[in-house]
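Each of the next two complexes has subunit A plus one other chain: subunit B in the first, subunit C in the second.
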Partner chain A sequence: MSVQASGQDAAATQGAARPGWVGRLRRSEGATGWLLVSPGAILIGIFGLLPVLMALKLSFQKSDLLTPDTPWVGTKNYRQLADDPRFAEAIQHTIVYTALFVPGTMLVGLLVAAALNRSVRFISVYRTAAYITMAVSTISEGIIFLWLTDKDYGLVNATLNAVGISSQPFLASTSQALYVIVAMTIWGWTGFAVIVYLAALQGVPSELHEAAAIDGARPFTRFRTITLPLLSPASLFLLVWLTINALQLFDEVYLTTRGGPLHATTVIVYYLWDQAFVQFNAGYAAAMAYVLFLVSVVLTAIQFRLARKYVHYS
Partner chain B sequence: MAEVEFRGISRRFGDVQALHSLDLAVADGEFLILVGPSGCGKSTALRLLAGLDKPTSGEILIAGRPVTRSGPGERDIAMVFQNYALYPHMSVFQNLAYGLRQRRTPRAEVNRRVHETAVLLDIDELLDRKPRQLSGGQRQRVAMGRALVRRPQAFLLDEPLSNLDAKLRTQVRGDLKRLHREVPVTSIYVTHDQVEAMTLGDRICVMSNGEVQQIGTTDDIYNRPSNTFVAGFMGSPPMNLVPGEVRGGTVRVAGAALADLPSPDRPVTVGFRPEDLRIGGPWESRSVPARIDFCEPLGSHVLVHALVDADGTGPEGTPSNVIAQAPPGTAYDSGARVGFSVAAGKTYVFDAETGQAAPPPARDRVITA
Partner chain C sequence: MTTAELTSSLEPGSTIRRWRLPFSPWHLVLVPLTFVLIVPLLWMVVTSLQTQGEANRFPPVLVPHDPRIANYADAWHTAPFGTFFLNSTVVALVVVVSNLVVCSLAGYAFARVRFLGSKALFLVLMATLMVPFQVTMIPVFLIVKWFGDNVSTYLGIDHLGALMLPNLATAFGIFFLRQFFQTVPVELEEAARVDGTSRLGVLFKIVLPLSMPAMSTLAALTILTSWNDFLWPLIVITNADQMTVPLGLSYFQGAHQTNWPLLMAGNVMSLVPMLVVFVVAQRYFVQSVAGTGLKG
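Up next is the complex of A and B:
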């Protein structure tokens, strides 16, 4: 009896001191964590990371996407980018677009949000009207602007004609088309910017405005010196988000101008698509994608660096 | 510095009357406390004075000048908010200088006044810090500094100590008192804490339901409360208020005769403060019979909670709770029968219906246990 008991004790002691690998795995918090994140991690790996790595490989190859022959060309695709005048033109259009679209959307969004940040009758109706652009699909947005800016039947030209200004070609003009796309995308993104700014505005304590008012600051000064700095985290978020989206402009160009007229609206991603799926020059397009990716990363890093000085977290 | 005057100020929010025709004059350099429970209208009155809200009717004057229709920046007042409302993106220096800069004060003058104020409040080492880098007490001092630096005609303080812990609150209370002695600006201080009210103010204005209940010095408010609200609100623990009666010119509680009152026979509310009670046996003559509920030892004294018996019960038949302050070491078993006697001259009598203090004041019998 006593021998049996001591044998059981020994086994129990041994089990407690050195559990088997199954036991260790069962008790391991790390294993549970991996089990929980693995479905998401596998999906991201297959549909996110793998294409990124394959595109990187592709950027050093020549590929027409149709034949299995993809010879290694080294850095030729990257070197070719430096000498491509159409790529330079696309970069220029993308810079102009980004420089107008990002601050434009932020400014319009801020003004609309400031106007909606008050208690008046039917405020929820006004807010819904401001948000509704978020619910409009890019296809609908493109069709609306094609119709609005139509030379013969468009509402904008009808209005211009009514005040004595002759009809404008808008999307058919090499000098106007890019700006129409800027206006169209600002309109499309305003709802998003309004939501972000309105949420941020409602987080600014009313006591700060009251304290500033007692300190003698007038409404515009209060907005400039109190509200705006406290909106800086929201502004940084919009700056980064909108810049990344601006660099990736494609849908609106594809739907309205197809990069024209005379390449006047060809931006980087549209040119990339054209090279990959029209010219079947996939290796070159992949190199372009990587340059764009690096530019996005560098720009975002710069924005975050500047944020250290100009963004205030309360 | 200036006098501040509310003349018939009312404020209605929809169906709620937050202030009922408030008439209140604050003398030049006076430290007035507005005290009352939540929703009594004290903060509404302060916001109306600051110009952050407009009255439904009435007029506000600062230094004899009507300011009812002036904006907050035109009233030359400064306010310390409950959560301090420091500008989080500005340094302490910029917080202090903000008001001066809005008034186009020359740069050299701004620097001089900010440093002068910072030294006065002992925050001169903190001028480069942001509010988030400060402790609660330091933030409170910066908020005071922002108010002081402009040298306004009046200070408005909206529960400025409520975010501090108990120890710091006691210290800052002392600082405020010293500061007002050094810079005697007219100050209106809102609080719901009656200890702050009694220790800080030259005068106290007790408010309830948008109406002034009593205005007076700490001594007036504590020793001559005008009604049961003031009696029950001021003091910690508050005055005991139990149902009683006047019969044959004598104030009685649970059959015990406590004081003489030449008045017709009628039901009354009788008040006595915990520190004026003595606990003895229930058989002692002219003492109020009660049963011990529980004791709270607080080191310096013991609070004895008891229930007044028999006809000392409340209107719905619930026994009235009485608290007595007893010497340290006092201990009673729950349910023990005792008798309370009230110190001479310390019985308060209020009308049972209106709650107003009974005129003339009660002339107490000397009761010894």
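Up next is the complex of A and C:
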């Protein structure tokens, strides 16, 4: 495909495979190609690439975002991160959140998709209802769950009382708030996970199930030995995608708890935003962002490594 | 009785089958399941029709005695929701049109045109997909501020331009359209090229009309992302006149924390546009998500 694939061999094969006019056109194509990609390349260059380098530079500087004076501080920001108890706390909260949110969403998505993977009447209505959380903004979701879990008037506490459990403080409690955020974000991502799993389930050939059923395999055995392995590409995709998003949790925390009570829900990105745009320690926040970047790259690499062993592409 | 016998006794034809339901038994699973999934949305609608007295009662009033539609009018007048909707719509439209144009030009070039450095450039652009937004947001804030100070105030902090600028083109859009354009039969294009049609002509007259599903999918995803974005507007917008729906809603929530019927009426209004877009374009959302998922 590449132009650099020059040399006599390439020229000979291309000449044989394609009529002469392509060769003539190709010589004048360079300008056209660059012209077509330039708007996109310039925009992504300015707002996607340049900032990556600027953030790296910023992470070795002290900046308050306002004054143009940004003195170099060497590795001070990174060293400070290592000794910051609030950053350690934020990492811990992010790990707990991710470890619960990712498998939780995958499990809920799989169960709902399995229930929806059949042809009964009104199935498209059921499916739309399950997908719909994908259209709900994180802010709407936060407001809804703030109200559902309200400690005095919430529907969840009313339900708990009805089955004999006393009212819980939920988001007002340092020990429960993070788990409420796990629950609300699982709900918010259910639509997405269901779409992914349902598409994958529809790709499982029914002949395999029929053959196994004739051999006497029961539904659960068939699900475990046929369906789950065939779903593994979809599971890998969700694992990677949900993990990346879990590490970037911010909106729901901002709306419901502002990182509280007593920092109990301060996750990495919330702390980062607070440092950059509330405390105006932009250099420190940039260093934090780079640590986050590194962690997500390493995690993704590990997940793809594991995938080699467990993921089957049919 | 062994398990095998037990299973076979449950097979079709056995006594259990005699009380056949007039509908598939799966509805008995699907109805409660769906209900649990949408209860948060239903409760939002119910609360939006309650009086403040009803909302502050425990256990909650499940069916409002006299549904109070006026909550919606109150919410609309208490906060400039009209402005929020207009801002979100303007930003989403500009971002969608720009993405469709810019990403299809670049996607086509990467799919079909041979030019020096195309592979390297493509890889560099795709690498930006790996970078979390949190890494770039501080410098992008400074860059947007620079645009506001040096190019036009409308592009700077606290203006809608600041919401548009960083999202006018995305590496994902380029990748997505390139993948699709590669599946368009090249023979169609070659025939037109022999007739002397330019590259742009081929793109607009042949490739794009064949790529409407992909363009619609990208448009649907871009609208949803743009409309629901929160962190970036939170960083660059402080003026209520320039707020988008989620940001405006979050300020509204901060100002009326205890007036739940009013908040929920605002919340319902803020959700309606995207729910409509989602239901109308559901096919495209499903295709896009399922497509990326299956390619793993």
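Convention: the second predicted complex is superposed on the first by the 283 of 314 C-alpha atoms of A that agree within 3 Å, B and C clash if a C-alpha of one lies under 4 Å from a C-alpha of the other, contacts with A are read in each partner's own complex, and residues count from 1 in each chain.
We take it that contacts are C-beta pairs under 8 Å (C-beta built on N, C-alpha and C of every residue); 3 or more make two chains touch, one makes a residue touch a chain.
Quick caveat: nothing in here was measured; it's all calculated off a predicted structure.
Engineer: Given the superposition on subunit A, are subunit B and subunit C in a clash or a fit?
Structural biologist: After superposition on subunit A, which the two structures share, subunit B sits beside subunit C with no clash.
Engineer: Touch test for A:Ile95: subunit B only (first), subunit C only (second), both, or neither?
Structural biologist: After superposing on A, A:Ile95 lies clear of both subunit B and subunit C.
Engineer: State whether A:Ala234 touches subunit B only (first), subunit C only (second), both chains, or neither.
Structural biologist: Only subunit C is touched by A:Ala234; subunit B is not.
Engineer: Mind telling me which of the two, subunit B or subunit C, contacts the most residues of subunit A?
Structural biologist: With both complexes superposed on chain A, more residues of subunit A are touched by C.
Engineer: Where does A:Arg218 make contact in the superposed view: on subunit B (first), on subunit C (second), on both, or on neither?
Structural biologist: both
Engineer: Please indicate which partner A:Ala114 is in contact with in the superposed arrangement: first for subunit B, second for subunit C, both, or neither.
Structural biologist: Once the two structures are laid over each other on A, A:Ala114 reaches no partner at all.
Engineer: Quick one: is A:Pro205 in contact with subunit B, with subunit C, with both, or with neither? Answer first, second, both or neither.
Structural biologist: First partner only, subunit B.
Engineer: Have a look at where A:Met54 lands relative to subunit B and subunit C in the superposition and call it first, second, both or neither.
Structural biologist: A:Met54 sits against subunit C, while subunit B stays out of touch.
Engineer: Touching A:Leu299, do we find subunit B (first), subunit C (second), both, or neither?
Structural biologist: Neither partner.
Engineer: How far apart, in Å, are the nearest Cα atoms of subunit B and subunit C after the overlay?
Structural biologist: Minimum over all C-alpha pairs: 5 Å.
Engineer: Under the contact definition given at the top, report the residues of subunit A touching subunit B in one complex and subunit C in the other.
Structural biologist: In subunit A, residues 216, 218 are touched by subunit B and also by subunit C.
Engineer: Note which residues of subunit B are touching subunit A in the complex, please.
Structural biologist: Listed in rising order, the residues are 50-52, 71-73, 75, 77-79, 81, 83, 85, 87-89, 98-99, 102-103, 132, 146, 150.
Engineer: Which subunit A residues qualify as touching subunit B in the complex?
Structural biologist: Where subunit A meets subunit B, its residues are 205, 207-208, 210-218, 221, 225-226, 229-230, 232, 312, 314.
Engineer: Residues of subunit C touching subunit A in their complex?
Structural biologist: By the definition above, subunit C touches subunit A via 4, 7, 23-24, 26-27, 29-30, 33-34, 37-41, 43-44, 47, 55-60, 101-103, 105-106, 108-110, 113-116, 118-119, 121, 124-125, 128, 130-143, 165-166, 168-171, 174, 190, 193-194, 199-200, 224, 227-228, 230-231, 234-235, 245-247, 249-250, 253, 260, 263-264, 267, 270-271, 274-275, 277-279, 282, 285-286, 289-290, 292-296.
Engineer: Applying the document's contact rule, which stretches of subunit A touch subunit C when the two form their complex?
Structural biologist: Residue list for subunit A touching subunit C: 1-4, 21-22, 25-26, 29-34, 36-37, 39-41, 43-44, 46-52, 54-55, 58, 65, 112, 115-116, 118, 120-123, 126, 128-141, 143-148, 152-155, 157-158, 161-162, 187, 190, 192, 195-196, 198-200, 203, 216, 218, 233-234, 236-238, 244, 247-248, 250-251, 254-255, 269, 272-273, 276-277, 282, 285-286, 289-290, 292-293, 296-297, 300, 311, 313.
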